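Given below, in the form of structure tokens, are the structures.
In what follows, chain A forms one complex with chain B and a second complex with chain C.
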Partner chain A sequence: MADRRRINGPVGATTPPIFDKPAGPVATKTSDAIRKIFLKTGITPSASGSAYLELENPNPQRPGNTSLKLSCTVHGPRSLPRSAPFSPHIILTTHVKYAPFATRQRRGYLRDSSERDLGVHLETALRGAIIADRWPKSGVDIIVTVVEGDQDRDSPESQKDDEGWDMMNVLSGCITVASAAIADAGIDCVDTVAGGVAALVCEDDKTAPTIVMDPIVAEHGSILAACCVAYLPTRDEITNMWFKGRLPGADMMVYDKLMEKSLVACRCANRVIVQELNETVKKGQGIS
Partner chain B sequence: MSSTSQHLLLSPAELAYLHGSLSLITPGPIRPDGRSPTQFRPLTAETGILPGTNGSARICFADGTEAVVGVKAEVEKTPLSPYEFVASTEGRKDHTQKKSGSRKSKKATGDEEDISMDVDEEAAGANDKIRGSPDWVELSVEIPGLRDDDSGTVFLTSMLTEALLADGEFVKKLWINRRFHWKLYLDIILISPPLSYPLPLLSLTTHLALLATRLPRLKSEADEDPMFDDDWAAATFLYPRQDTSAKASNKSSKPSSAAAAPASRPPITLLVMAVGDNIIFDPSKEELAVADSAVAVSVAEGPASESESEPEPESIPATTTKRNLQLLSVRTIDPPSRLTPPGVPNSVNAAAWGTMTAATPTTTTAATASATEGGAAKHPDARVTETEDVVGVWKAPRGGAKFGMLGAMVAKVLEREAASPRSQGAG
Partner chain C sequence: MAQTIAIPGQLLGPSSKYVAGPGTHIHEANLYSSVLGTVTIAQPEKKIAPGPAKRLTKIAGLPSSSAQLPTISVSRTGITEKREVLPEVGNVVLCRVTRIQPRQATVAILVVGDTVLEAEWQGVIRPQDVRATEKDKVKIYESFRPGDIVRAQVISLGDQASYYLATASNDLGVIMATSEAGNVMYPVSWKEYRDPETGINENRKVAKPF
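Moving on, here comes the complex of A and B:
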């Protein structure tokens, strides 16, 4: 006997409602510019150095007006525990952690493999910049918290395939913010290192792929390859490079162009760091 | 920290000597084990060692490091997301329209041909829809003495996974039909302690294991529940080899060297380092300890150009030897040289009668007289010796690599791989 006293739901599985395609994002960012960066140092009083970074969202249709929020704290340099073996250099420990609500998929409180991977990249990028032999027998902890990951959350269209391209943007932000926080902590560096991303994107099958600086993953049809670089502008050196993807045709030409574009993105980010550090210095002089 | 810096017992003087001999320009770099800059370590390899796997391989390097890789495959249901359903029905709408059009045109020719036409179209539609998801591959790396969640291990895992997934072609091989796919588990185990940075070894072993991987032959059709052939001898290779008939058809265009070789190959990750202006392949632990920069480059070989399957006898003779290489991923690796202890120049060493404040001619001690004198007389300030290099005194490298150097390293890998017949003997 079927239960006729209650209003039952339909038998079997249901599919969630599907809405029509949302109005396409208005591309307000040109391919030759990076998104606006907000950077502020010295926001965490208890840490010896700290910085906060936001990336502007150029597509204001969304509820939030940012696309990436990062907070970085630097603890140290401090002495190593007595049990630790002698080290002639400063020991650098980097932690990158997504907040549980930072991405579409909830992140647990334990760091997963992609977060650890980002941590290793960040460590490589910073280790080249820090003058490590000025602090023997000491350690420094660099902790980056991703408050908002660079993901588009409001359209099902963009949930098609999560290939992890947004990790590149997060990494470049991590490098920039950590560099500012290290400078804020007063740790000697050869230069302020900054991160930048460039990607080879293909809007649709008909057009030829183009190279875009600081790509917004949701706005492009598909990303073929991307490159994240950590760069020291005054020394003209690269401390970390991460390239992945597939390059059509003659590889090296496109690859070199991609690298050059990401270096330009690095220079842009570096200007923001330098400006912010200058302001901090001026403020300090004004008070005393 | 990572496995790169383990068990390194070299003094600053030894490091400086090694760095000096590796950065020589005129005779080229002199490596401790006498290899040429692009030469790899000798190795022994075998495949099919684990009977319980779909494919397995073991590689043993001459320095005593050894790795085993087992590949296992399971059939898994593909979760259908509602968004894909929309896309597929839209696709089907187009499809039916097309079909009706074709039916009208084919009306005259008869029913049987019409059906075959439909089947063809169906097959073409299915081919368009073949897709893969990164979740279909699970790769785990185990290195003795390190935790699973150690950052070095995680870095290796993600680097090897990235190389497999970067072009999105590999996961398409795991597609069975719209509802089912293979899930591939790659378990990489380093048997020996990590005597050198294990990346090249692990990557090579994975490469071999994937080449030897076979999946049971599919008997069912289209979107049915998959049914497989019981006969293991009929199992197909994940990377299909060119069979004899194909070989016979284009024998004229191809010499017999690559006859039994697979058309495409799994990715391979190479470790390259730079010392001075020299680029050195497959560095050992000692060489990596003096590297200025190190890069891991993943390359894969695509299906060796479309022209090969078509009979094109003498159009481009060069392409038959050149292989269709694709750059998949590049990562810089933190060279362990940044963690090595620095040497102390005589000018600031009190034991060698140097002083911290001023350099006097008395700094001329017996052994390193010329080097110290030059350094100390020019730079009386001790701070200068801290920032600048003194000849023959080791200092951990600072900063990064030049843009041109990184590009040259990647280019050299592509060039070297294109020329190398190394992986030809595999299997």
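Moving on, here comes the complex of A and C:
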């Protein structure tokens, strides 16, 4: 459905110009680490709470390479609309929206099914962390905008069939950034929830599949399965889990190992949240 | 004094040593922070001349040994000027009358305690809650008019739309009123405001000036 009220971009994929300069050294991340995370709260003054998250770009020299950039705003707690029924706890609404230019395939302005899917996952992940009955009769809107969707524009041929593995990374980033934004907004939580991804990747047909934390989809030959978990580290509880893919039949332990690796990724992300929240308080004290 | 920073989920101490204050929660007999902010520990106040003991209407525990424990709380003061709070039962609020009907006065709650609210919450004052005596003779239009600023107490979370408020106390009621001529009036009795220019009296449920 064409949106005639706005100036739309081309429908199909576009490729940026390729420069005649040799690409810089291809940096590869070790499989046992997550990419560096930049997290900052309070970037949107008009919102009650906000946060911005960016993942380190391992190959900044290559022009088509992108990383993950997310912006989250929290509006509320505010009164429910008059038509809403009585609610003894807070009503949580989550929206995840890709910017039109966030992915290789241009996105529309209307929310599509994958964005709704991410929103539902995010809501489940956050619902387990929020103490909802502290705020009766109120609602909160959590909006995550995906500014860059972690899709490498340089390697379209390596991912002919877009299986949506990058959505896992986007979801884990959404969970982390929303957690920081909720804490910034002052909504009661039992813990800071963090997201993490682990994947079972197969570089080529000869080698055995390995488990990688925070997989960069473009750097791996193929991804067999991936697991995205939302985790409360001090409580040791999982609020949301998304497992996708097919495991090689024989080894039942692969499933457990994938889970464990994604929990490690969650703990890493949580340390970034903790540090940034500490800085938020210090910054606030400096002003007042 | 450097204040301790607490982030959500941070362990504050065992619940046997502290009483949970605002911004904290209890999980498995331990106190945890639930908001981002700074930790404050308030020592219990010494009770001065306790009044006549209230007859117990429900089975309570031991005459709270927890009263001697210090209260630990996490406050967001200092992080941000914006502070979102909800009206709670017992709070004294300031509100503006938006609409009067024979059965109720609809108000918009503007201030809770000392905090100016970000959002506007709707409240309702029913005739039986306007004053403590002669409740059956209360008429809403002789107590409030749209535009009045009212000091009231929250008595219930109410229904889906509005909080229930009461002005059944001497110091609760209309604190600022404008006359039909549009002038700011001054209170002359417990039920009347007077317009200084026209000299006409108007009926209100007047709050006792401090």
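Just so we're on the same page, the second predicted complex is superposed on the first by the 253 of 288 C-alpha atoms of A that agree within 3 Å, B and C clash if a C-alpha of one lies under 4 Å from a C-alpha of the other, contacts with A are read in each partner's own complex, and residues count from 1 in each chain.
Criterion: a residue touches a chain if its C-beta (ideal position, glycine included) is under 8 Å from a C-beta of that chain, and two chains touch if they have at least 3 such contacts.
Predicted model only: the values in this text are computed from it and were never measured.
Of the two partner chains placed by the overlay, neither chain B nor chain C lies in contact with A:206. In the superposition on chain A, A:127 makes contact with chain B only, not with chain C. In the superposed model, A:137 makes contact with chain C only, not with chain B.
Of the two partner chains placed by superposition, only chain B is touched by A:117; chain C is not. One of chain B and chain C touches more residues of chain A, and that partner is B.
Once the two complexes are overlaid on the shared chain, A:190 sits against chain B and chain C alike. In the superposition on chain A, contact is made by A:48 with chain C only, not with chain B.
Once the two complexes are laid over each other on the shared chain, residue contacts for A:247 go to chain B alone; chain C is not touched. Contacts of A:78 after superposition: chain C is touched, whereas chain B is not reached. Once the two complexes are laid over each other on the shared chain, residue contacts for A:280 go to chain C alone; chain B is not touched.
When the two complexes are superposed on chain A, the residues of chain A that touch both chain B and chain C are 87, 129, 131, 190-191, 232, 235.
Taken in their complex, chain C has these residues touching chain A: 3, 5, 7-11, 23, 25, 27, 32, 34-38, 76-80, 82-84, 86, 118-122, 157, 159-161. Listed in rising order, the residues of chain A touching chain C in the complex are 48, 76-80, 82, 84-87, 129, 131, 134-138, 183-192, 232-235, 273-274, 277-278, 280-282, 284-285, 288.
Contacts from chain A toward chain B in the complex involve residues 15-16, 18, 87-89, 91, 111, 113-114, 116-117, 119-121, 123-124, 127-129, 131-133, 156-157, 159-164, 190-191, 230-232, 235-247, 251-252, 255-256, 259-260, 263.
Residues of chain B that touch chain A in their complex: 1-2, 82-83, 85-86, 133-134, 149, 151-152, 154-155, 157-158, 162, 166-168, 295, 325-334, 338-342, 395-396, 398-403, 406-407, 410-411, 414.
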